[in-house]
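Some structures are shown below for you to check.
One chain, chain A, appears in both complexes that follow, with chain B as partner in the first and chain C in the second.
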Partner chain A sequence: MTNHWVDIKNADLVVIMGGNAAEAHPCGFKWVVEAKKERKARLVVVDPRFTRSAAVSDFYAPIRAGTDIAFLGGVINYLLSNDKIHHDYVRNYTNAAFLIDEGFKLEDGLFSGYNAEKRSYDKATWQYQKDKEGYAMVDETLQSPNCVFQLMKKHYSRYTPELVSRVTGTPKEDFLKICGMMAETAAPNKTMTVLYALGWTEHTVGSQNIRTMAMIQLLLGNMGMAGGGINALRGHANVQGITDMCLYSEVLPGYLSAPTDADKTRDEYLAKRTPKALRPNQMNFPQNFPKWFTSLMKAFYGSAATKENGFCYDWVPKKDGAYDAMAIFERMHQGKMTGFVCQGFNPLASLANKRKVGDALAKLKYLVIIDPLATDTSEFWKNHGEFNDVDASKIPTEVFRLPANLFAEDAGSFTNSGRVVQWHWKAADGPGESKGDSEIMAALFLRLKEMYAKDGGKFPDAILNLAWPYRIPAKPAPEELLMEISGKALADVTDPKDPTKVLVKAGDQVPGFAMLRDDGSTSCGNWIYGGSWSQAGNLTARRDASDPSGLGQTLNWGFAWPANRRILYNRASADLAGKPWDPKRTVMKWTGTAWGGNDIPDMRPNAAPEEHVMPFIMAPEGVARLFSPIMADGPFPEHYEPFESPLDNNPFHPGNAKAKSNPAARVFKSDMDSFGTAKDFPFVATTYRLVEHFHFWTKHAHINAVLQPEHFVEIGEELAKEKGIKAGDKVKVRSNRGHIKAVAVVTKRIRTLDVDGKKVHTIGIPLHFGFKGLTKPGYITNTLTPFVGDANSQTPEYKAFLVNIEKA
Partner chain B sequence: MALQSLDIKQRSATTTPAPSVRQTTEVAKLIDVSACIGCKACQAACMEWNDIRDEVGINTGVYDNPVDLTAKSWTVMRFAEVEEGGRLQWLIRKDGCMHCADPGCLKACPAPGAIVQYANGVVDFHQENCIGCGYCVTGCPFNVPRISKDDGKAYKCSLCSDRVAVGQAPACAKACPTGAIQYGSKSDMKDYAAKRIADLNERGFAKAGLYDPAGVGGTHVMYVLHHADRPQLYNGLPADPGISPLVSLWKGFAKPLASLAIGAVALGSLFHYVMKGPNEVSKDMEKEVEKETEQ
Partner chain C sequence: MQVNRRQFFKICSAGLGGSSIAMLGYSPTAALAEVRDYKLARATETRNMCPYCSVSCGVLAYSIGDKSKNAKAEIIHMEGDPDNPVNRGTLCPKGAGLLDMVHSPNRLKYPEVREAGSNEWKRISWDEAITRITKHMKADRDANFIEKNAEGTTVNRWNTFGFLASSAAANEPGYLTSKVLRGLGVVALDTQARI
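Let's look at the complex of A and B:
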């Protein structure tokens, strides 16, 4: 979230799209109710189904799964053609005025620079025009045909209400009503907040779905404002923390881009990741990349990391390809992996295409499961009748189950969707032989280290020299880990302007990432968490709910990364002169000598308005990107059909088969045959969670099993009638990858949509069920989903694919 | 449940006058249907606090689960899909005991002290006095009490009388994530409801209102409804609930006589027991009770 949970109450309009907050985030949803009750906010829900969120909304509109960009592109067109934008904001705080390379174009659904063989773009023509000093050129009148504003206007002029309705199935008048409601928040003192979740990310155009709404929020001037922002609701307890700490191969902790084979030396690596400012006077905060990275290496390797050895840069793995979850399972499926450690992850149930995942696991020599529960994955090899019809005698994989504690059985920190890191205390001992995850990892590590020390190996250095400064090496304490993550001074840190002035004494915890250095004098496990455990102690354990502003900022409750800042880009909540756009909801203002207000400034505190330091400090431009030169699949979001679409072509580009679905989405060659067509699978399916369950956990808990005991699928009344299905009937749902059986729920809440001249039925499939647990044994929903990923994040397309249905 | 520090205002099949020295505030639970997302946290909290665990059921083609109130599910969410003027509404109502000011169950109950009404308005079943006759089921205008298959006794929501007695909100109200379940004095709840109704009026629900039906003397569980003119839209919430005339007759005229008769029978039984020891009569009574239950 750019804002935070409590801040939702400050909104005038709440839009839930690509998510179902009431269902998946019922506790946080209280702030939506609060906004409605106390601020008279309106709630709009756009979703293929009339959801629990829709049940308490002021206005609901249906949409065909996978057509959000068409809808939102239409909103952009509406705002621009009706002149409903926040002009001062757009002109000053976005790249609307920036001039783009004259070679940039969109032709027949493909942006300039497309390479069909590689399914990727050469982005050379997507760049800014630059002057002699290397700064981006701008046209402040916004009139040049090559400025972002005009390019954007042209790009979205194609998204007419008629075409939007034809593609999305949303009735035109519903679409226009929502446009009108959003447009009202272009007023400087009105804000819209946007709540989304996996309903936007889990598409082959996932990142662009989100970007389109971010553009709308910029056009309306709602970023940085209280009650505004673009807010990702994270679905799993501490999935925000996992992302921040980077249990991914793509980045290092704190979203530092990981080195690849191409980054031969530390200098090359750093040079590529340390941008130069693209406009004069801008903060260009990523210029500090070397400080964050070097401090991370000191946390990894301690005294072994020296200036002389490039702070052990050579020991950091260099990616030679993709290593996201789908790429890992593709490798496993090709028989290229020996072992897999599966910690807090139930891939058989939660990854797309269960059959492929099961087949892949069967090619491993060993599988280690670290989990509090007996997951479905841990029994992928066992025959569970029709639900997991495998022959154990043909599966050689050896499976080890290491029982882990649940979160309440350990102390530690949780990071919520609003980036607020909150310490939690141990509530109970784990059952039986269960151990904390860090204890399990420590045991594995110490054993490996011993083996390397004794037997040697191909590359022992990185293991033997890993810093392990814990009081009890076999049991690193959560407190020690957070201190390490937050960072400390290894030598005195001095003021760059006055070397005699010591800012942080050697051995002290750093107060924040501003004190990190690139000379090896500081260590920090994750720069964005810098200062969460300062000399003042564990700030994440603070529980002071006082809220002088009444905005719910509660600066002394826990610790929000970065720098305890509650609303990102908050400098943008004030005009150029530093006056709040809405004085009743002041987040930030210029006091005459410094930035102050009700948050930690997202700005150099003494940057006077006359200096023209713009609010988006993480961008070298200093402003937000309506046009993004760095996305994998286009600088402007464009509508592409889901990989499995009920339509024959993309109505925006009917003549170009290459532009039917995202031309840069990631597909493995071996999966090309696994897609189905509308001829055999005429219905659109989408998967989701239910409020009664939490992923694949709570099917193991009695009360949750009572509340939602059995797998079901939801279908509309029209389809039910067509197929002779009644509520309560067992049905079989098939995709080209397999089938499931479940109980039919027949509902008015799923409407048949008119799309491009034909009727499109949607089938809704909850995901929580499986063959392990206390709920009725069931099929795994992800038997049906396709193994194809978003062009930028490689997230699979769980939310829009094709199926057929019949009475079982 | 017999553990309470509250005065009892009414007691089933009892004519002893109620105590009247202590001052007690009438309480109420207000269910704001317009803020309810049907998450069933109230159902989970009810099971947790009251130590009841229903069976893992099946899906019958609806979101409702368990599909009905049982002796082990004292509250359930009922989901209704209502389409009007091309707009769909998903009306989700938390169902359970309404804690009537004039409780039909208590009036109908022939077992002394099996049903009580506290001075704060809560109607509570004391299972240790329950004979399982099922008259409370017949007497309830909302079809709430259920007879347990395990012990043959009647069960229903107690408004967490044990929590309420010590100044805590009922478990469901405490667990509700959206504030759709509010708890407090009845007059505070009416004030709160008035604000919510004004808000709903402003959002286009001209007929929004409070459900506090006069036919049962008002209730200590009230609803804010978007369509107060048509409560039956909410999965058959009765528009004008009242106590069956038969129960009134029973209460007004026949019950004192019947109680006398039951007393006489009891006395007779005791005499019989003392003289001859236990006999088979109890089996017959059980059968009788079962028959009642099935009705």
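Let's look at the complex of A and C:
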């Protein structure tokens, strides 16, 4: 979330699209209700199903799964054609005025630079025109045909209400009504907040779904404002924190892009990741990358990381390709993996195409499950009848199952969706011999270290020298770890302007990331958490909920990264002169000598407005990108059909088969045959959560299993009639990858849509069931889903695929 | 009067007992029956967080066992933390079942192994589990670790071993997991953040 949960109450318009907060995030949804009640805010829901969020909305519109860019691109067209944008905001705080290379174009659904062989783009023509000093050139009048504003206008002029309705199935008048409601928030003192979840991310165009709405929020001037922003409602209680700690291959803790084979030396690595400002006077905050990376290496390798050895740069493993979950399982399926660990993760149930995942696991030599629960994955080898029809005697994988503690059995911090880090305390021991996750990792690591010290082996240096300063080595304490994450001075940190002035004494915790250095004098496990445990102690454990502004900022409750800032880009909540766009909801203002207000400034505190330091400090441009030169699949979002689509072509580009689905989406050759067509699988399916369950966990909890005991699928009345299916019938749902059986729920909540001249039925499939648990044993929903990923994030397309249905 | 949460429960339960007995016509001093103490009055309250969705609701966990030396705490009740500015004491149908999650019969209690081709689990000790797993890991790493790529660049990666990390773990074990895995040279690493 760019904003946070309580801030939703400050909105004038709440849009829920690609999510269903009332059921998936009920206690956060409370703030939507608060906004409706106290501010008379309106709620709009756009979803293939009439969800419980829709049930309390002021306006609901149906949409075909996987067509959000068509809808939102249509909104952009509406705002631009009807001149409903926040002009000052767009001109000053976005790259609308920037000039783009003259070679940039979109032709027949493909952007310039496409390589069909590699399914990827050469982005050479997607770049800014630059002057002699290397700054991006701009046209303040926004009139040049090559400025972002004009290119955007041209790009979205194709998204007419008629075409939008034809593609999305949303009735034209519904679409226009929502456009009008959104347009009202172009007024400087009106805001719209956007709540989305996996209904946007889990598509082959997932990242671009979100980007399209981000563009709308920029055009309306709603970023950085109280009650505004783009708010990802994330999945797990600490998925935000684990993302920040970067437990994935592309990045090191704090989103530091991990080295690849192309980054031969530390200098090359740092040079590529340390950008130069693209406009004069901008903060260009990523210029500090070397400080963050060097401090991380000091946290990892302590005194072994020296200037002489490049702070152990060579010890960091370099990537030679993709290693996301789908890529890992593709490698495993090809027999290229020996061992695998699932820590609190149930891939057999949660990854796409269960059969492929199960077959892949069977090719491992050893599998280790670290979990509080007996997961489905832990028994992928066991025959559970029709639900997991395998022969254990033919599966040679050795499987270990290690009992882990649950939340209540360990102390530590969780980071919520609004980036607020909150400490929790241990209430009891776990059952039997269960251990905490840190203790289990320590046990594995210390044993390996002992073996490498005694017997030697391949490259033992990084193992033997990994910093392990914990008082009880076998039980690193959460307090010690958070202090390491937050960072400390290893030598006196002095003021760059006056080296006689000591800012942080050697041995002290740093007050924030501004004190980090690239000379080895500071250590910090995750720069964005810098200062979360300062000399003042554990700030994540603060419990002062006072809220003097009434905006719900609660600056002394826990610690929000970065720098305890609650609303990102908050400098943009004020005009160029530093006057709030809406004084009643002041987040930030220029006081005459410094930035102040009701948040931590997302700006150098003494940057006077006349210095023209722009609000988007993490971008070398200083402004937000309506045109993004860095996305994998295009600088402007374009509508592409899901990989499995009920249509024969992309109505935006009917003549080009290559542009039917995202031309840069990640798909493995071996999976090409696993996709089905509308001829055999005529119905659109989408998966989702229920209010009574959380993923594949609560099927193990008695009360939740009683509340929602059995797998079901939802179908509309028209389809039910067509297929002769009655409520309560057992049905079989098939995709080209397998089938499930479940109970049919026949409902008015799912409408049949008119799409491109034909009727499209949608089938809704909850995901929570499986063969392990207290719920009635059932099939795994992800038996059906396709193994194809978003071009930028490689997130699988769980939300839009094709199935057929019949009475079982 | 300053009253903390625990004292508040004591006052309430005493007050309830007193007034209802008085209403029935008994004199409190002559009561033959007594209302049971409010059970949470003698429980230990611990501030925790719901592990489900990313609202990360504040939760109060009540356990029996007062942290004295030989008392093993057992969680007997959980409810929303009214002080938490986000959930303000509320819990949803998922979170309202947290106690059943903590005490699920499907909680793992001991390390176990399923041998190759076998159809059953076998209980083993932690020491045996760690010994066997690390032997596998070291043999695999020593056989497949890549120090330099074909071009001669130092790459120091081990890509025949993969790890899916938990988004239910706290930040601290998450960080430690990242540190250990990078130290081992692991690149095949992912988390629920992706899906």
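Keep in mind that, in the parts below, the second predicted complex is superposed on the first by the 808 of 808 C-alpha atoms of A that agree within 3 Å, B and C clash if a C-alpha of one lies under 4 Å from a C-alpha of the other, contacts with A are read in each partner's own complex, and residues count from 1 in each chain.
Simple rule for what comes next: a contact is a pair of C-beta atoms (placed from the backbone, for glycine too) under 8 Å apart; a residue touches a chain by one contact, two chains touch by 3 or more.
These numbers come from a predicted model, not from an experiment.
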Requested in this report: Check whether A:R52 is in contact with chain B, with chain C, with both or with neither, and answer first, second, both or neither.
Outcome: first
Requested in this report: Please indicate which partner A:P275 is in contact with in the superposed arrangement: first for chain B, second for chain C, both, or neither.
Outcome: neither
Query raised in the report: Which partner does A:V341 reach: the first (chain B), the second (chain C), both, or neither?
Result: second
Report task. Could you look at A:K40 and tell me whether it touches chain B, chain C, both or neither (first, second, both, neither)? Result -> first
Report task. Identify which of chain B and chain C touches the larger number of residues of chain A. Result -> C
Report task. Identify the partner contact of A:V691: answer first if only chain B is touched, second if only chain C is, both if each is, neither if none is. Result -> both
Query raised in the report: Once the shared chain is lined up, is A:K776 touching chain B (first), chain C (second), both, or neither of them?
Result: first
Requested in this report: For A:G302, select first, second, both or neither according to whether it touches chain B, chain C, the two together, or no partner.
Outcome: neither
Requested in this report: Name the contact category of A:P161: first (chain B only), second (chain C only), both, or neither.
Outcome: neither
Requested in this report: Mind working out whether A:D729 is in touch with chain B, chain C, both or neither, as first, second, both or neither?
Outcome: first
Query raised in the report: Shared contact residues on chain A for chain B and chain C?
Result: 26-27, 30, 691-692, 702-704, 707, 774
Report task. Please give the residue numbers of chain B that touch chain A in the complex, ascending. Result -> 34-41, 43-44, 47-48, 53-63, 65-66, 73, 81, 83, 88-92, 177-180, 196, 199, 202-203
Query raised in the report: Taking the complex as given, what residues does chain A use to touch chain B?
Result: 22-23, 26-27, 29-30, 33-34, 36-37, 40, 50, 52-56, 58, 60, 691-692, 702-712, 726-729, 743-749, 774-776
Query raised in the report: What does chain C use to touch chain A in their complex?
Result: 44, 46-59, 61, 63, 65, 72-75, 78, 80, 83-88, 90-98, 100-102, 104-119, 121, 126, 129-134, 136-138, 140-145, 147, 149, 151, 153-180, 182-195
